[in-house]
C-alpha cells in the first residue's frame, strides 16, 4: 500500500504561473477566507462525527494543513457542505476547493480542476467473517462471488477491471447501502478503499464481523491513465487558485506532512495482497 | 278487461305498512297495496308524491324504514333476503332511462341475459334483436345511447327490462318521451305482456294510459295512498277528497 | 302545486326494530371477524419475524427506537422543509396544471395549436425524470452565469418540481374534465356562459371533486419528491436527514422514522380531501348499492 | 315505428362552402401564428443561451453529444430494465389497485372492516417513501435469513414498488368508480346483476376510461421509479447507468440521454392510452362546445 | 288567440334551408321556418324525427352543415358570430333537464344572472325565488338536483331558463315529467310568458298542449317539415300525407 504518491505529475496545471499565490491573499470565493467544501454526510475515517470543522479525520486535517500552507489559519477557514453532483456541475462553485476522496482522471479534468494528489488509496475487498469469501486466497477466487461497490468511485472500477466478476457488480449509492447489503446477505463482499475498509471492520459498522479479504493488486485496478487511486482537491474549472493549491499540496508532501497525517488518521497496512 | 280474468288468489306483490324517508323528509307513509298476479296497477299522483321512490323500494334499490314487501310469498324487505335473486325476477324501467353509455344498444340489452341468466350470447342477441324490433329500433342496435333521441332511449330501456322476462315489471313514466304513435305501440306492447301473464306496476302521468290499461288505479298523495279503484270507478266516481281534487285539476288541464 | 308528506310521529314497528338489530349484529360480527383475523395475521407475522435468526440484527438496523427518538428532531425539522416546499410548489402546480388541462380541452380547430402545445408540454415534462430536470435547471441554468437570472438552487429546484408535477396534475385534471358529461356543458352554454365561465363554474367544480384522490396522490408524492431538491445541496429534507443520521450510526432506523412521519402527515391530508370530496356531490363508497 | 331521414344527394351551398373555407382559413391562421410564435420564442431562448458566458462549460457538461452517443448503448440497456420492471410490476399493480379500490367501494355496514382495511393499506403505502420500503424489504427481509422466503433483492424491490404504486393506483380507480353516477349502479342492480358483476360490467369499464390519464401518470412515474430498485444494488436501470457514466467522467450528458429516452418512450404510451380512452365513450377535448 | 295579435312584420327567428347530419345520418334536411315575434310555435313529430336536434342547432349547440338561422335579423349560423351573445338571448329547457348536480336548485338558477348578466346576487336570488315560487318549488331551493323527483327537476330547468328573461325560449318536452295538474300550471305559465311578449318554440308530444297554446303547429317528419299550420287547421284539416298519418296514429292512441 502506498500513501502520498511520489510525483505530482497527475495535475497538469501544476506548471502554471505561481507568482499569483500570495499567502493569505488569494482570489477566494469569500475574500480573506478560504472556503472548503465536502459532502454531507462526510464519512469516517476521512472525517469524524460528520463535522469537517473539528480538524479530526484525515481529510479534515489535510484541508487545514493545506489552508495553513496557503496562508489561511484555521480561523480563516470556512466549511460548506456540497453534494457530489453540485461539486461536479458546471454551476458556479460556492467553494475554493472541495475535499471528498475525488479520484483524479483525465476525463474529469475536462469539467473541473484537480490539485496534485494528496493521497493514493488501494482497493480492498471486505466480506463477513464466516461468509462466502472466508477462503479467498487469490483474485481468481473472487470472480464467481457477488460483489458490490459505490457508484463513482475507483473501487467500482477496480472491481470491474481488477476482478472481472462473472456477474455484473452490485452498484450502490453510498457505502452505507453497500454495507447494509453485505449485512443482509445480498452481496458476498464489497470493494472499498483500504482506509475505509479498516474503519468498517474496526468500528461496529459491520457488527464486529467484518473481514478484510485482501487487496486488489495495484495495476489490476488500471483504469486508463491512473495505476492506483490518487485523490485530488477539486476546484472550479479554470480556477486561478489551482496552481497555488497544488503548490501547497506539493509542499506538504515534500515536508512529509501528508504521510504523517495519513499515519495518524488512517490504518494503511495489514491487508494481504490477492 | 278485468272481468275477463278470474279473480286472483294471492297477490304477487303485497306492500304492508311501507315507510321510507330521505333525511328528515318522509317520502312514503304507511303504504299498503296488493298487486295480484297478471294485473296492471297504475300509480298516479302529483310530481314529488313518491311514485318513483315506491318503485325503487319495491326493487330493493332503496332500503325501507319499516313495513313489508311481500313478493311471491316472501318478505323481500327482510335484510336476510339476497336482493339479487329478487331483482332478477323484477324488471324496471327508470324515469331517466339509465342506459349504460359505454355499451351499444344491443350490449345494453344482452348484458343481463348473458351475465345473470347465463344464456348463450347468440341466443340472447337474437332475443334482444327481437325486442328491439318490437320497439322499432332494430336499426339502432349498434348505436351508443348518447347518439339516440330521448324517445329512442326510453324504448331501449323498455327492451332492456323486458328481455329478462321478469315476473313483475315496474315502469316509471314509461311513455313520457314517446310520441303519441309510439305511446300506442308501447301501450299495445304492455297489453300483450299482460296477456302473456305479466304483472305490472306503472307510474305515469298519462291518464289515457291509466284508463285503457289499468286493472286498478291508485292515487299517491303526499306519500300515502289516497285511493285505489278500478279505472272506471276512479275516474268517474272518485271517493276521496284527494282524488276529487286531482281529477278536477286534470280535467282543467284537458288531459283525461 | 305539490307538497311533501308532513312529518309524523312514527315509531319503528317491532319488525323494523328487529331488522335494525339484525343489521347491527351482522355489522358488529363482521367487524369482529375482520378485527380478530387482522390481529391474528399481524400477531403471527410478528411472531414469525421475531423468531427468525436474523431478527436481532434487523431490529438493530431498522428498529432501534432509542436511536430513532434521538434523531427524531432533525428528521422532523427536515419534514418541515418537505412540507414547506410541497405547500409552496403545490399551489403553483395545481394552478398551472389546471391551466394546461384547460388548454388541452379547448374546443374547435382554431385552438388546435394551443392543444398541441399543451400536449407537448405534458409529454415532455411528464416523461423527463425529475432528477434530470433538477440537475439541468439547478446546475445548468446557474452555470450559464447570467446575472439577471436567479441563481438560487432552491428556486430552480422548485421550478423543476413545478414543471414535472404540473404535467402530472394537468393529466389528472384533464381526466376529470373529460368525465363531465357534455350535456352539462351544453346546458351551461345555453344559459349564455362563455367557454371559460362554463369551465370555471360548471365543469371544473364537478371535475375537481372527482379528481381529488388522484390529485392528492400527486401532492403526497410531491411531498416526498420535494426532498430530491437536496441533490442540489440547498435543503435538508427528512430523507436527507435520515441519510445523514444513518451514515453516522450505520443504522437504518432514521429512514423508518422519516417514513412514519410521512405517513402520519399524509393521513390527515387524505381524510380532509375525502371529506371535501364527499361533502358535495354524490358519493359511492359505503352507499346503498 | 319511426325511421330516419333518408340519405340524399346534398351538395353544400355556396354559403356553406364559404363558411367551411372561413373556418379552415382561421384554423390555418391560428396554426401559423402559434407555430411562428413558438419557433420565435424557442429561437430567442436558444440564441440567448448560446450567448451566455457559461454556455461552453454547460454545453460540455450537459450536451456533449459525442460522449452521449458513447454511453447511449449502456443507458438504452438500462432502459430495458426500467421497461421490464414497469411491465411486470405494472400488471400486478393495476390488478391489485383495482382490487383495493373495489374493497373501498363495497357498500353497507357489513363491509366496513374491509373498507377500513383497504383505506389503511392506501394510507400506509401511499404515505411511505419508496426508498424506505425498498430498504426495509430489500435489506430487512433477507436480513431475517429465512430460508423459505425469497431473498432476491430484485424480488423485494418489485414488492416495494407494487405496494407503493398499488396504493396510488387504488386511489385513481376509486376516483373513477365514484365518478360513475349512482343511477348507473341502480340500473345494473335492477337488472339482477350482483354487486361484483355491476362493478365489472358497468362501473369499472366506465371508470377505466375516465381514469386513463392519471393511471398513465402512475405508470410513467413507475417506469422512472423502477430505477430506484437499483439502490438495492440489483439492477442497472437507465438512471443508474447515467449516474455511473457521469460519476466517472463528471459529465452530466448521460442524464440528458436517459431523460430523452424516457420521453421518447412515454410519448407513444400517452398517445395509445388517449386513443384507447377516446375510442369509446364521449370525449370532450376538441369537441364542439 | 292568434286573431288578437296584429300580424307580425319580421320574424324573430327564421330558418332557411337548414341541414344537419350526424356522421352518416342526415338528421335535419332543408328546414325552412319562420317564428314571428311573440308567437308560440309547437314542433311535433315522431320520436327521432329531429325535434331536439333542431332546437340544439338554433341555440348553436350543434353546428349546422348548411343553411341560415336568422335571429333578430342576424344570421347566427355564421361562424363569425359570437355564439355567447346569441345564447344569452335564447333560453332552452332540455329534454333531460341537464341541471348542474353540484349546485343547489337556487345556485342553478342564479348562475347565469350573476355570471353572465352581472346582476347583483341578492337581486338575482330574489328573482330566482320568485321563479321557484311560480313553479311551486320554493321549499326546495336548497336541495341538490339528485334529491328531486323527475317533475321537480324539470320545473327547476324551466325556472333556470326563464330567469334570464330571454327573447326566445326553446322548450324540449317541457311537460313530459309533469303530472296533469302541473302541466296546467306550466301551460298557464307559458301563456303568461306569451302575453309578456315571449317568443317560443316548443317541441312536445302533448297534442293537448299544442292545441291550446300554439299559434302554429309544425310537423317534423324524418328530418323535414311536413306541414305547418295553425292548430285548428293542423288538427282538423291536415293537408300532407305525413300529417294525416301522424294524426291518425294519435287518434288511435286517444291522445288528442
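Note that the chains take the letters A, B, C, D and E in the order they are written out, and that residue 1 is the start of every chain.
Keep this in mind: a contact is a pair of C-beta atoms (placed from the backbone, for glycine too) under 8 Å apart; a residue touches a chain by one contact, two chains touch by 3 or more.
It should be emphasised that the depicted structure is a prediction, and the values quoted were computed from it without experimental measurement.
Peer 1: What are the mutual neighbours of subunit B and subunit C in this structure?
Peer 2: Common contact partners of subunit B and subunit C, which must touch each of the two, are D, E.
Peer 1: Keeping to the contact definition above, tell me which chains border both subunit A and subunit E.
Peer 2: Chains touching both subunit A and subunit E: C, D.
Peer 1: Which chain's mean C-alpha position is the greatest distance from subunit E's?
Peer 2: Following the centroid criterion, the farthest chain would be A.
Peer 1: Return the distance between the CA-based centres of subunit B and subunit E, expressed in whole Å.
Peer 2: Measuring from centre to centre gives 29 Å for this pair.
Peer 1: List the centre-to-centre spacing of subunit A and subunit D in whole Å, with centres computed as mean CA coordinates.
Peer 2: Roughly 41 Å, centre to centre.
Peer 1: Please tell me the distance, in whole Å, between the geometric centres of subunit D and subunit E computed from their C-alpha atoms.
Peer 2: 45
Peer 1: At least two other chains touched by the same residue of subunit C: list those residues.
Peer 2: 1-4, 23, 26, 57, 61, 135, 139-140, 143, 145, 186, 189, 252, 282, 288-289
Peer 1: If I count partner chains per residue in subunit A, which residues reach a count of at least 2?
Peer 2: Residue numbers touching two or more other chains: 85, 89-90, 92, 180, 183.
Peer 1: Where in subunit B do residues touch two or more of the other chains?
Peer 2: 46-49, 61, 96, 179, 181-182
Peer 1: State which pairs of chains touch, listing all of them.
Peer 2: Listed in label order, the chain pairs in contact are A-C, A-D, B-C, B-D, B-E, C-D, C-E, D-E.
Peer 1: Within their complex, state which residues of subunit C touch subunit A.
Peer 2: Those in contact with subunit A are residues 57, 60-61, 135, 138-140, 142-143, 145, 151, 153, 230-233, 240, 243-244, 246-248, 250, 252.
Peer 1: Which residues, counting only subunit E, touch subunit D once they are in their complex?
Peer 2: Result: residues 17, 19, 24-29, 46-50, 61-63, 65-68, 77-80, 222-224 of subunit E touch subunit D.
Peer 1: Name, in rising order, each residue of subunit A that touches subunit C in their complex.
Peer 2: Within the complex, subunit A touches subunit C at residues 40-41, 43, 49-50, 81-83, 85-86, 89-92, 174, 176, 179-180, 183, 203-205, 207.
Peer 1: Can you list the residues on subunit D that touch subunit C in the complex?
Peer 2: 23-24, 26-27, 30-31, 33-35, 38, 49, 52-55, 57-58, 61-62, 104-117, 122-124, 126-133, 135-136, 139-140, 143-146, 168, 171-172, 174-182, 185-186, 189, 195, 198, 210-214, 216-218, 220-221, 224, 227, 239, 252, 255-256, 258-259, 262-267, 270, 277, 282-289
Peer 1: Report the residues of subunit C in contact with subunit E in the complex, numbered from low to high.
Peer 2: It is residues 1-4, 183-184, 186-194, 197, 201-202, 205-206, 209, 280-282 of subunit C that touch subunit E.
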